[in-house]
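So, here's a batch of structures to check.
Here chain A shows up in two complexes: once beside chain B, once beside chain C.
After this line comes the complex of A and B, so read on.
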C-alpha cells in the first residue's frame, strides 16, 4: 500500500468533507436543524464553479453557459450560490422542525439531483462537466496534489476558526440558549426564528466553497458524484466525532475518510472480491454508525476533557 | 386516449406506492419515528423471492410467502436488537440510526447478490385490452393486492384485540399500558405487521420490475413523498395520497420527460409542506 499517497488523499478529501461536516454540526448541534439534504449545497458549489470557469460549449457539449472566468471568481460565486440556494430552500422549510425539516431538505436535494440529471442545458445531464479548471497546475516545483491537500486543509482550518469565533461570541451563546430552551430565550428577547435562518444561510457558504474545491479535485461535476450517499457520509462523520465538539467533528471526518480510502486502496484480485469489499465497507460503516449512536463513546470523553467549544 | 393510458398506469404505480408506504406509516404512527430502513426491507423480500424462485426453482407463490415471513422476522429482529435499546433518545436519533440500518441491509444485499439485473421465473404477463386501454395481469394483481391489503389491514385494526391494542398504543402508550395492554407484545406485533407489509410490496416489486440491488433504496424517496403527503402517521390517507403521487408521476410523463418522475413526486411534497404542513389528513402527528 502506498502510504504517502494515501495520506495526501485523506488530507485532501478529509479537508473538503470536514468543512461540510462542520457546517452540518453548526446547523444540527447549535441550530437544532436536521438537514438531510446537505449534498445539494455541495453540488450547487461544484456546478457553479464548473460553469463559471469553463469555456463556452463546443462540439457535442449540450450545456448553455461557460464564462471562462478565473478560478477565484468561481470559488467566490460558488459560496454565494450556495448561500442563495440556502435562502431559497430555507424560506419554505425552516418553519418546519425536526423530522419534517429533515424530509423537506432531503426532498430538495433529490429535486436538484433529478434536475441536474435530466436537464442537459445546465451541465450536460448524466455526462456532467469534465475537465473542470484546476488552478494549481502551473505552480512549478511543488507537485499539484500537495498544493491541493494544503488548499483543502487551509479551507478546513479557516472554516474551523470562523465557526469557533462565531460560536464563542455573544451570537453563539444566543444560539446555545435557543437550543437549550427556546421559550426562555424568546422571553429574554432572542429572535429564535431569525437566528436559526441566519445559521442556516451562513453555514451554507463554506459548503458551497468545499463543493467547488471538490469539483477542482475530481475535475468533474457530474450528478452521480452528488447523491444522498454524501449526505449520509457526512452525517456518519458528524455522529462519529461527537456532535458537540468542532474538533471531534473534524477527527471523525478524517477517520471515516481514512477508513474508506484504506478499503479502496486494498489490492483485490477479482472484480467480485472488490465488489464484496465495497459492500462490506457499507455494512461496517453502518454498524459503526449504529454502535456510536447507541453507546456515544466520544460524547463522554469530550465532556470529561472539556474540549471547548 | 394516450393520456387515459398514462392515468391507468399511474393508478397501478399508486397501488404499489400504497403497499410500500402503508407499513412505513404504521411504524411512524405506533413507534413514533421514520424508519428509513423500511425500503431496504422491500429489497430483502424481493431478493429472497428471487433467490428461492430463480435459483432454487421453488414455485413463485411459495417463494413469495416464505419471503414475506422471512422479511417480517428480519424486521422484528432489527427492531428488538437495534431500535428498542435507544428508544428513549427520541425520534431524531432513531431516524438517523435507521439510515445506518439501511446502509447495513443494503450492503448485505449488495454483497450477497452482486451486480447485474435479475428477473423472476414467471411467465410473461397476460395483456388485456379494454377500449384501447392496455393493462397486464401483473398490473391487475397489483391493484387487487393493494385493495385487499388495505381492507384487511383496516379490518385487523378495527376488529381484532391486537389491532385495538396497536391503535391504543399509538394514541397513548402509557394510558394503554395502564388499561392492561401489553406494550412489548403489541410493539412486536406492529413490527411483524409493518415488515410483512414491506414484504408484500417487495414481492410485487420483484414481479413487476427487473431487480437491481439499488432498486430498494430508490423506493424510499417515493415512500417518503407519499407518507408526507398523507400526513406522517395517518393510514387511510396513504391510500389517497399513494394514488395521487402515482397518477401525478405517470401522467406528468405525458408532457415532460419520464426522467422527471421523482422530481414531480417531490415537487408535490414541497408544495404540500409549504401550504399544508400536516399533510392531507390534517392532523398534526408530531
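After this line comes the complex of A and C, so read on.
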C-alpha cells in the first residue's frame, strides 16, 4: 500500500468533509438543529464553482451557463450561493424542530438532487459537469496533490478557528443556553430564533466553499457525487468525534476517511476479498457507531473537562 | 364583601393586565367571561395566590410572553407587550422564574448567572471582535457578587446537576438579578426549598424589594408570602376573586372559602 499517497488523500478528503462536519456540529450540537440535507449546500457550492469557472457549452453539452471566470471568484460565489440556498431553505423550515426539521431538510436535498439529475440546462443532468477548472495544476514545483491537501487543510483550519472564536464568545454561550433550555434562555432575553437562523446561514458558507474544493479535486460536479450518503457520512463522523468538541469532530472525520481509504487502497488478491472487505467496512463502521452511541466516551470527557474547577 | 372594591391605588401602574384570557382545548384556564384585569404598581411587592388550577402559572406565562393572550392587553411601563416575544419581555425589564426550576445544564453555576446578562458579543458581528470582553469581565464580577448574595458563592464552579432543588431556585433568581429587571415574576419560589433556605430567600426578596425592584410572586406558602407582600391578588378558576392587603385577605370570607375550603370559612 502506498501510505504517503493515502495520507495525502486522507488530509484532502478529511479537510473537505471535516469542514462539512464542523458546520453540522455548529448547527446540531450548538444550535440544536437536525439537518439531514447538508449535502445540498455542498452540492450547490460544487455546481456554482463549476458553472462560474467553466467555459460556455460546446458540442453535445446541454448546460446553458459557463462564465470562464477565475477560480477564486468561483470559490467566493460558491460560499455566497450556499448562504443564499440556506436562506431559501431555512426561511420555511427553521420554525420546525427535531425530526420535522430533519425530514424537511432531507426533502430539500432530495429535491435539489432530482433537479440536478433532470434539469440538464443546469449541469448536463446525470452526466454532470466534467471539466471543472483545477487551478493548482501549474503551481510551480510543488505537486498538485500536495497543494490540494494544503488547501483543504487550510480551509479546515480557518473554519475551525472561526467557529471556535464564535463559540467561545457570548454568542456561543447564548447558543448553549438555548440548546440547554430554550424557555429559560428566552426568559433572559436570548433571541433564540435569530441566533438559530444566523447559525444555519453562516455554517452554510464554508460548506459551499468545501463543495467547490471538492469539485476542483474531482474535476467533476455530478449528481451521483452528492447523494444522501454524504449527509450520513458526516453525521457518522460527527457522532464518532463527539458532538460537543470541535477538535473531536475533526478527528472523527479524519478517522472515518482514513478507515474508508485504507479499505479502498488495500491490495486485495481477489475481487471476492475486496467485496468482503467493502461489506466489512460498513459493518465495522456500524459497530463503532453503536459503541460510541452507547458509551459516549467523547461527551463524558468533554463534560469532565468543562466542569473541572 | 371582597377586597376587590377596596381602596383604589392612585400610583401609576407598571404592569397592566386588561381583560387577558387563555383557553386550552376549549377549557378556560384564565380570564373567565370578561378576562382577567389587574395592575401592579412600581415598587410594589404583589402576591398572586389561589388554589391549584386557579391559573396562576398560566397568568405568568401570559405576562411574560411565553403564551399569547386570547383577548385583552398587557401593558408594561406604558408599552403594549401583548404580542411581544418572550425574549423581548425580558429585554423590556420583565424577569421571571418558573414553577419547575430551569437551568443551563452544560454550564457551571457561575456560567449560568453570567449567561443571564446580555452582552454585545451575542450579536454575530461583535462575536468575532474583542469589544465584548470588557462586558464579559464585568458580568462575571457581577455574577460572583450575586452568587455571594444568594448564598451560592461556594458552588460557583459546580455543575448545576450538583445543586439541590432549593439551590436551583436560588440560581434562577440569581440569573434574573444580574439583568436588574424592573419587574420580577417569581413562580413558587419556596416549593421544595428547606426552611433554612426559605428564610434566606425571604431576606433576599425583602432586600431587592427595598432596593426598588417590583415583585409579583406566585406562592402556595401563604405564611411566607403574606409576611412579605404589600398587596395580594387572589385567583380562582382563572378569575380574580379578591385583592387587597395581606390583612384584608386573611379575613376575607370569599378568599377563605375559595382558597382554603368552605370548612375553614366556617
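Here is the rule we go by: the second predicted complex is superposed on the first by the 297 of 309 C-alpha atoms of A that agree within 3 Å, B and C clash if a C-alpha of one lies under 4 Å from a C-alpha of the other, contacts with A are read in each partner's own complex, and residues count from 1 in each chain.
The rule is simple: a contact is a pair of C-beta atoms (placed from the backbone, for glycine too) under 8 Å apart; a residue touches a chain by one contact, two chains touch by 3 or more.
The shown structure was predicted, so the numbers you read here are calculated from the model rather than taken from an experiment.
K.L.:
With both complexes superposed on chain A, which partner does A:170 reach: first (chain B), second (chain C), both or neither?
P.N.:
Touch partner of A:170: chain C, not chain B.
K.L.:
In the superposed arrangement, which partner chain does A:111 touch: chain B (first), chain C (second), both, or neither?
P.N.:
first
K.L.:
Would you sort A:275 into first (chain B), second (chain C), both or neither based on which partner it touches?
P.N.:
The answer is first: A:275 touches chain B but not chain C.
K.L.:
Just chain B (first), just chain C (second), both, or neither: which does A:285 touch?
P.N.:
First partner only, chain B.
K.L.:
Check whether A:102 is in contact with chain B, with chain C, with both or with neither, and answer first, second, both or neither.
P.N.:
first
K.L.:
One more residue to check, A:189. First (chain B), second (chain C), both or neither?
P.N.:
second
K.L.:
Thinking of the overlay built on chain A, is A:294 touched by chain B (first), by chain C (second), by both, or by neither?
P.N.:
A:294: touches chain B, not chain C.
K.L.:
Can you list the residues on chain A that touch chain B in the complex?
P.N.:
Going by the criterion above, the answer is residues 34, 92-93, 95-96, 98-100, 102-104, 106-108, 110-111, 114-115, 117-118, 232, 235-236, 239, 272, 275-276, 278-287, 289-290, 293-294.
K.L.:
If we count contacts the way the header does, which residues on chain A are in touch with chain C in the complex?
P.N.:
162, 165-166, 169-174, 176-177, 179-181, 183-193, 195, 198, 202, 244, 303, 306-307, 309
K.L.:
So in the complex, the part of chain C that touches chain A is made up of which residues?
P.N.:
64-66, 85-88, 90-91, 95-98, 102-108, 111, 114-124, 126-128, 132, 135-136, 157-159, 172, 175-176, 179
K.L.:
Inside the complex, what are the residues of chain B that reach chain A?
P.N.:
Its residues touching chain A are 33-34, 82, 85-86, 89, 91-93, 95-97, 99-104, 106-108, 110-111, 114-115, 221, 224-225, 228, 232, 257, 259-260, 262-263, 266-267, 269-270, 273-274, 277, 286.
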